[in-house]
Amino acid sequence: MKADMFTQEELRNLPRKGTPQPADHTQHAFYGRDILSVDQFNREDLTYIFRVAEEMRAMVKRFGSVDLLQGKVLANLFYEPSTRTSASFMAAMQRLGGQVIPINNVQYSSVAKGESLPDTVRTLEQYADVIVLRHPEVGAAAVAARYARKPIINAGDGIGEHPTQALLDLFTIYDELGTIDGLKIAMVGDLKYGRTVHSLTKLLLLYRVEFYFVSPPILRMPETILQRVRATDQPYTETDNIHDIIREVDVLYVTRVQKERFEDLSEYEAVKDYYVVDTELMRQAKERMIVMHPFPRVGEISYAVDSDPRAAYFRQIENGMYIRMALLAAVLGKA
Amino acid sequence: MKADMFTQEELRNLPRKGTPQPADHTQHAFYGRDILSVDQFNREDLTYIFRVAEEMRAMVKRFGSVDLLQGKVLANLFYEPSTRTSASFMAAMQRLGGQVIPINNVQYSSVAKGESLPDTVRTLEQYADVIVLRHPEVGAAAVAARYARKPIINAGDGIGEHPTQALLDLFTIYDELGTIDGLKIAMVGDLKYGRTVHSLTKLLLLYRVEFYFVSPPILRMPETILQRVRATDQPYTETDNIHDIIREVDVLYVTRVQKERFEDLSEYEAVKDYYVVDTELMRQAKERMIVMHPFPRVGEISYAVDSDPRAAYFRQIENGMYIRMALLAAVLGKA
Amino acid sequence: MKADMFTQEELRNLPRKGTPQPADHTQHAFYGRDILSVDQFNREDLTYIFRVAEEMRAMVKRFGSVDLLQGKVLANLFYEPSTRTSASFMAAMQRLGGQVIPINNVQYSSVAKGESLPDTVRTLEQYADVIVLRHPEVGAAAVAARYARKPIINAGDGIGEHPTQALLDLFTIYDELGTIDGLKIAMVGDLKYGRTVHSLTKLLLLYRVEFYFVSPPILRMPETILQRVRATDQPYTETDNIHDIIREVDVLYVTRVQKERFEDLSEYEAVKDYYVVDTELMRQAKERMIVMHPFPRVGEISYAVDSDPRAAYFRQIENGMYIRMALLAAVLGKA
């Protein structure tokens, strides 16, 4: 699907979709736009989205839901299962007063009859006002966006992008620590294949931070990402042992090291414990820092850490709902 | 399930279901009735349904949704997957202010435990106010309707009926061309097994049109349908080549010619290009005409035709939502 | 999952969850509590739940839905399919004005990636206000309840508990016959493995009834349950033939005798007809009595009995929705 992908320049200037509305100078730039990639955001956009997400949280805490998107319908189109992301978007739309059409078993349906992604999204946009798309292939969201007249929100396209995850990660850092500039941020685990750490790193490059990339040698952060870090003159350190950096960091962003990535299992056995966060490790960490994880976890963070106030991963999940509320409201012209 | 099917006479006089309401002389005949077959409609019914569908469109364009069916619940019971039809009914109910219980994987559930269709619908009607049923067996909707106290809407029963598809097809013709009487209507592709062309033909017999049936010889319109056409003295032409008729027609209704229907694949190869609509073919068509397709398409209409204003198939899909809104409102006494 | 299960004492004093609300002395004990087991209810609780269920029915009959739970979201988490129970909870939440996130194919999703039940419920409670859980393993609901900060409602955990089924069964008896004390109640079929008859028996022990346990010898009521019956000094009779007791009983609660339970199929053939309720059997029953069944049925009650006014099983299904409305409203502090 490469041929249909957008350039970085195009991403920053995605065309506005939908019927033109009467002029409203308060309307922000996201109205009628697709949400495809972290590359489409600048720092001002992020500040705006985070402010709206904070408002959404305040409204949910107080009222449970609002009627901002009453009369609007979201098609939640998942070509591969993802309970967390799907449920997060559903709850976000419902708490905005909108309705959801969940489409979760696409492989069994029209698509099995051979229908193309462009036809599927052009069908669903006849019924819905916005489409959230999860697809196993890189570039699928961009293809959908080229064909759809209604906004597409990318909820993950294979090893490509998952921009709402990166936004909720960044929002959590900002929300928990009150700032992003100046922080020391460690990313731990599988940095080679981990979609979330790549996207989060790109967003963090809009700020001034110090990076610690902690991984086994065979799962290092790709050179393409490191080049982007160097291009902004932000300092970074690479290491294979979490203990080297635990005392320094403000953010410990943990991802899973998958056994399947290793050809030689003895290599896996040798390193795996370097990447487990337990209460003993947390005793070495600063008093004011946070532990994050994109979930699901499978042993990378022990359950005993859950009661540590620095464990931010469940609040991180909750923030996902507010970020998605903010984006849905924004692309539908209600934020 | 043949034994439980209704006669044409019975279809025209389906009993009214549900609790009798205080007399309301404005209530139309569809209140409390099942929607099972195109045979149950007369011309006056269609005029009524189309007028309500137009009102629904006006309301959706203006408000997104209305609260006509607030407090009502639809059980969307799909024994086989159909993303388009299922999503269309869900959006229709949601835009009417109602709620939906989607039941999409019935094969894995009670039915797998051996429960009968009558028990399943009598269970669901305890929770819901109306049931939409998609089932792979001919006559399933009629069986359900015999047992249920609440209205059943047939969303396709195998090679049997799919009345809401026929209604949206006819509504699209009426809506796009402003009339039905006097039109020249070509149906193209697999006319032997195509459920949609059979049902649409039956509805068109309530008007005065001229038919063109375009298919390979082995996929001709069945004699039973042709007899009904002859019985109403409407002219029809049969041909195997779309080029013979493209200059004449007001409506080109395209369906898929499936390779699997041919025993001899060389026969398929010989004819398949007669049934592909591309920009070259469209140059020969009238300026005021429309191309329709029940979707999904798999190559019968080239993507380049999509931008032709005569390509009505996405508007046809949108109309499906308005027709289903009209029917849901009608059987629940709110239209 | 045994280790995480609650004692009977703990069940009767489940901790209150959620943010403390401003003092409201009208709020009942179920606010913020889990619904895990029939053992957590006393007679006063049941009287309260039944009164709320009656109010729910009156509201549904009159308005279809209310807005008691507007702004609330239910995560309907089903690790195994159950159309009836899932649809019943969805309709209950929708008719209360709340929203539902249905999660029906958990095996294909995060769980397939190895996520634990505690992490799944702690994720979903970031989005939702209450979680309904169906799981194939005994004790799963108790595990979920230990970890979740939001209320968990057990919708069946393997051969363990299914408390809302038992509550709707008991409510149906009360509603149909106006009382529970003094009734003669027969349970018929597979009393050894039948989760529903065990739970219903436990609830009935809070009243004064007379039991008739009707089953093949190899499917008798387990000794643990019989001990609890004896401990309350309630009379009970065991028999293997429904004809022995049909003239006496006020309630005939029928369950399925599964062929698979028999090692020797000739034993099955010999007894199976003792447990079929047909019109002939019903002629011997009292004029004022009811026939119940937890459904689905597979031949245990002939269709001809459905039109008998004593056949209460479809009303029983309807009552399930009112009971679940009552429980949802209660745990969310709105009943």
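Residue numbering begins at 1 within each chain, and the chains themselves are lettered A, B and C in the order written.
Note that contacts are C-beta pairs under 8 Å (C-beta built on N, C-alpha and C of every residue); 3 or more make two chains touch, one makes a residue touch a chain.
Because the structure is a prediction, the values reported are computed rather than measured.
*Asks:* Using only Cα atoms, superpose subunit A on subunit B and state the rotation angle in degrees, rounded to the nearest 5.
*Replies:* To bring subunit A onto subunit B, one rotates by 120 degrees.
*Asks:* Quick check on subunit A against subunit C: do more than half of the interface residue numbers occur in both copies, making it same, or fewer, making it different?
*Replies:* Different: when the shared numbers are divided by all numbers used, the fraction is under half.
*Asks:* Starting from the mean Cα coordinates of subunit A and subunit C, work out the distance between those two points in Å.
*Replies:* Chain centres of subunit A and subunit C, defined by C-alpha means, are spaced 40 Å apart.
*Asks:* What residues in subunit B touch two or more of the other chains?
*Replies:* As it turns out, subunit B has residues touching two or more other chains at 102, 104-105.
*Asks:* Can you check the complex and tell me which residues of subunit B touch subunit C?
*Replies:* Result: residues 70-73, 75, 99, 101-106, 108-115, 118-120, 122-124, 126-129 of subunit B touch subunit C.
*Asks:* Touching residues of subunit A toward subunit C in the complex: what are they?
*Replies:* On the subunit A side, the touching residues are 63-65, 81-84, 87-88, 90-91, 94-95, 102, 104-105, 295-298, 303, 314, 317-318, 320-321.
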